[in-house]
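Input: one structure, supplied below.
A, B, C and D are the chain letters, set down in written order, and residue numbers restart from 1 in every chain.
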Amino acid sequence: MIGKADQIFVLLQHWIMGFFPPAWQAVVGILLGVVAILIVFPTLFALSVLLERKGLGRMQNRYGPNRVGPCGILQPVADAVKALIKEDIVPFKADALVHFIAPLVLVVAVFMGFAVLPVGRNMVLVDMDASLLFFFAMGASTELAVFMAGWSSHNKYSLLGAMRAVAQMISYEVPLLMTTVVVVMISGSLSLVKIVEAQNHFSGIFPHWYVFTPWGLAGFVLFLIASMAETNRSPFDLPEGESEIIAGYFTEYSGFKFALFFLGEYVGMLGIAGLGTTLFLGGWAAPFAFLNWVPSWFWFFAKIMLWICFFIWMRGTMPRLRQDQLMNFAWKFMLPMTLINLMVAALWRFVDEAWLRWAVCWIIVIGAYVAMGRMGMRRKRIAPRRYRYAE
Amino acid sequence: MLGEGILKGLAETAKNFAGSYVSKERLTTVQYPEERIPTSESARVFPFLVYDGPDWEAGLRCVACQICEKECPPKCIYIEKSKDKKPDYVGKLQIYPARFDIDVSVCMSCQICVEVCPFEAIKMDVEFELSTDDRFGGLLRNRQHLAKSNEYYHQIHPTEASEVDARLGEEKAKLEAKAKAAAAAAAAKAAAPAAPAAKPAESTPKPAEGTDKQ
Amino acid sequence: MTNSATQSAINTQVEGWNRPREIEPDGDNELLEVAMGPHHPSTHGVFRMDVALDGERIIRLKPVFGYLHRNHEKLGEGQTYLASIPYTDRLDYICSLTNNWAYALAVEKLGGIEVPERAEYLRVIVGELTRVQNHALSVGFLIQDMGASGTPLMYAFREREKILDLFEQLTGSRMMCNYMRFGGCRVDASAEWLDGVRKVVAGLPAFADEYEALLCTNEILMARTQGVGILPPELAVNAGATGPLLRASGVNYDLRKVDHYSIYDRFDFKVPLGDHGDVYDRFMIRLLELRQSIWILEQALKDIPGGPIMDPKAKIRGFRPKPGEAYGRIEAPKGELGFYLISDGGPNPYRYRVRPPSLINLTVLEDMCLGQNVADVVLILGSVDIVLGEVDR
Amino acid sequence: MKTVEEIKAAIEAAVPGAGVEVMQNPGPSGQHSLLLKPEHALEVAKFLHDDAELALDHLSNVTGVDWPDKEIAEKVKVTRQVTKSVDGVEQTVEETVEETRKRVEPGYLEVVYHLFSVAKKHGPVVLRQRTQNRSDKVEVPSLTPLWRSAEFQEREIFDLFGIVFTGHPDLRRILMWDGFKDHPMRKDYVEPDDFEYEPTAHDEVLKRAQEHRARAGAAVGEGAGQ
């Protein structure tokens, strides 16, 4: 019974495949998976938009949307309808073709990443050996879409936004990749399915997720930061920094194309959250041994949504960085930290004494963090100040 | 340490997130059409004209002295004096406004007309839902729209209205006393033959100062 | 010395801040000319900055005003002294009460009118409440310009709401208060209202604490604001910057202390001063001033006496001051707000002039912005704290 | 803080031939002012700015004031000789008649500066400069080189009053747009009929609005005809 609930979607797929001749079955299986992804993730997108609007509202002491449907849960539907019936404005001087395909490229690229994400036990569309690499390749092509949008709009703000976006995404791809390297080093595989398998065992009731090791925690935090930058989330939302450059690269987009950008952005967020979950939080593995009976796909989605909630929380709290600070942060803090983390992971791999490797690794990680933080703040002379008063 | 301030900030937003579910102090939003805050007693939106008694036309306190028209900063009031006189609520013959229009699309709710009115005839309303789809005609309110009863005035500004009533009552009492005295004098005079009939005391309280020609 | 010789002598003397109007781009980069505004999300209204960019660095910046110009001064000349009061509300529509106050002060100087004590206390109370809400709001908008998706702004609005409710209970209107008259105030405050103020004032320090915890030590905020938009004190004084902008540069000039107007002599408060003159200092000075205002409010609420609220000799309607002129100024939340009136003995002022702090504080915008990033420009503009109703009049 | 007379004396000691006049303010505010001569204005201002005792480093307010040509009607007693027949005899009699004579006092534009001291915390010292007339000789020296705060305010006066400030680094219109012709703050400014009046309750405004609309309609008709 437990296995059935866990495998319900796999069984469903096989059942439907059974209706087709064997030569077609592989194709139908893939198509079913694609359809499932195309249904599930946009639904999650709607859910996260709603969560974001309500969560931000509550953080700001407002209600958030509460008019459409009970407690406002139909708000995303209303948003979608609104986006659909809005006039689609293309600037007179825009490069119409590129302007048109940019959102499509973005959406296609972000959806491709899901092909390799294991969303549950035996639930992965393509079980590739180098699936991690594939994910990053797909993630990198979103930059192209962003730049196409910014360039074709023929708007100065769009161009600035696109420049910012490309610079930022390329810079943060480096630490993002480097943080995943530690996982590959330890698990010894580029396959996301194998990485999850490696984390899915328990000591007592506690799981062996990578986040519970020193290098894993450091990697997790760095991955979190880099993923926020990679998906243009606050406090790294410079490319669309609405108070500076209106809306960045999608300033000139309206109606459904704007909705596609919006979709692409959120689905990209879901994707990177899925990757982070897979790498550090045990993917579809249950958090405690006694919770193994809950279907694996539930855990995967629960973890993604938790991740999204954290993004929302950050967005509700943080102001935005500046471009040069963002770059400095990427190259002078993130990159060295990931390199140190690589060393720590290597130590972890080759030191056998359990307590020694725990102690040494923790000391290196925390020491490096504190030292680099101090140095960075001092170099920029950033500190709280005291004020004098005149009578 | 790097990140300390960020964590502090995150704690603060988390506190507010939780607080907005439990504390009314934090979640101050009012869900407007369903929920309404009672308007405060001193609230002011647009002016209205007070009338006494049951009939609005007869009971208007306004005597078309046009002071408010002159003092109104955006000049949104338009008054035409009547040619004839008619008795007001105390039975005195008075000029009345043949036309009294306020263009609320121009009015800026400053309450200066109320302040300068020596007759307590114009007061501020609290009705603010005046939206209309007719930009010009719909916002031009004539004297019939503007006339509201003294009871209504009592309802929206109770303290102020009772003060006004007390003051008017005093004035009326004074007038009556004067009229009585005049009547008595007239009666005394009437004892002497060929005395003219006692004129009704012409005692509209004069505006405080002379009118300013601008 | 001839005039032109003096001219050139002066020019060389003050060349330091008689500006290079433009800085050099790196190499021979092509400049990107961007018009920030008039409909830009963070120009705080219809305000335009014509900006030339080298990459994201500001090479040239020209502020352009006038989109909201309605010739307020001409309106004032065509109105009686009384009828101008509601118009002053609309200058800096965030703090209508201090605008009323400055105007009333100028007319009182012009006509030699005394203000009763209770009215002075009421003026201080509403004036300081205005300062609190203006500073909260301006800080909120500053962080909003920094991209904080509205959280600090909404907290500021939450507190401002309570203060505006108080204004509504007292004056009848939340923003366009039209409360002060030359010679006093329009209506008296009831004891319940004063209790309401006490309650709100008691809650304000917690709000300031919350704000400080949320923002003051936030690394991102510090990185964004420290060392950005530095305004040297000499330039600040010379360019007529006033208010928190001037004090953040370390110049001790608070009209409440300098002019001794109203009854500010009776209160014990201090003037916080910054040492760096950057955006962070302006931000912090506003928060610290907010705390000082709370302290003034507490004292005023304790001491407020009874008595009349209008000078019985003051003639509100048909006020015709003797010929003469007067310049009255107060420390408005945004800086020195002055009114200059010339009377020719008629019912209308012959000349009615507003000295708008927002406009004059913008004189230094160009100097602060050159060489900074695009992202910093909105921040610097936010830290000047302008309201376009006052800039363009 | 020195009185105006003392300041005047100090100026005259420092800038010989400055020719500063004290303008008395009859009102209760007692803010008397100093009228500067344009040829010495900058020197005087520089003295006020730099003088250690005055140290007027804060130029708070700059204002323009328009004083249009004033037509003064005054009654003058005129004595002239009149031939009259008195008692049938022609006689020349001196007779005093009252006559009303009109003369036009030429108007001028005025710039008023309010100076304060941040360092010494005193003020105001009010300076005035006048143009020679209201039409062609409307130049006064700019004080912007000394006080940057005059920059926008002098531009505003240039815009709204039409006073030209010589030596101003960037004299452009500030509130009105560049193509605008007139100077709205002058007393004789006539509003152009270039906007649509909203029909308010006022008959006068209503009439203007109708006229405007009739004109606009005519213009549109013409445009359509062409």
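We adopt the following convention: contacts are C-beta pairs under 8 Å (C-beta built on N, C-alpha and C of every residue); 3 or more make two chains touch, one makes a residue touch a chain.
For clarity, every value in this text was computed on a predicted model and none was experimentally measured.
With chain centres set to the mean of the C-alpha atoms, which chain is at the far end from chain C?
A
A-B or A-C: which has the larger count of contacting C-beta pairs?
Between the two chain pairs, A-C has more contacting C-beta pairs.
Would you mind pulling out the distance in Å between where the CA atoms of chain A average out and where those of chain B do?
It comes to 61 Å between the two C-alpha centres.
Using mean C-alpha positions as chain centres, tell me how far chain A is from chain D in Å, no decimals.
Chain A and chain D have C-alpha centres separated by 67 Å.
Taking each chain's centre as the mean position of its Cα atoms, how many Å separate chain A from chain C?
Chain centres of chain A and chain C, defined by C-alpha means, are spaced 44 Å apart.
If you average the CA atoms of chain C and of chain D, how many Å lie between those two points?
It comes to 28 Å between the two C-alpha centres.
Can you tell me which residues of chain A touch two or more of the remaining chains?
59-62, 316-318, 377
Using the touch definition from the top, which residues of chain B touch two or more other chains?
Those would be 2-3, 6, 9, 12-13, 16, 26, 28.
Multi-chain contacts in chain C: which residues touch at least two other chains?
In chain C, the residues touching two or more other chains are 151, 155, 158, 214, 216-222.
Going by the contact rule set out above, which residues of chain C touch chain A in the complex?
32-34, 40-42, 53, 56, 143-151, 154-155, 158, 214, 216-224, 226-227, 252, 254, 257, 270-276, 280-281, 284-285, 288, 373-378
Quick one: which bits of chain C touch chain B in the complex? Just the residue numbers, please.
My answer: residues 79-80, 82-87, 89-90, 151, 155, 158, 161-162, 165, 168-173, 176, 178, 186-187, 210, 213-222, 315-318, 347-348.
Give the list of chain A residues in touch with chain C in this complex.
Interface residues on the chain A side: 56, 59-62, 156-157, 159-160, 234-235, 237-238, 241-246, 315-325, 377, 380-385, 387-391.
Of all residues in chain B, which touch chain C in the complex?
For chain B paired with chain C, touching residues are 2-6, 8-9, 11-13, 16, 26, 28, 40-44, 67, 71-73, 108-112, 115-116, 124, 208-210, 212, 214.
For the complex, give me every residue of chain D touching chain C.
Spelled out, the residues of chain D in touch with chain C are 25-29, 31, 39-43, 46, 57-61, 63, 65-66, 112, 114, 118, 121, 124, 126, 141, 145-153, 160, 167, 169-170, 173-177, 184-185, 189.
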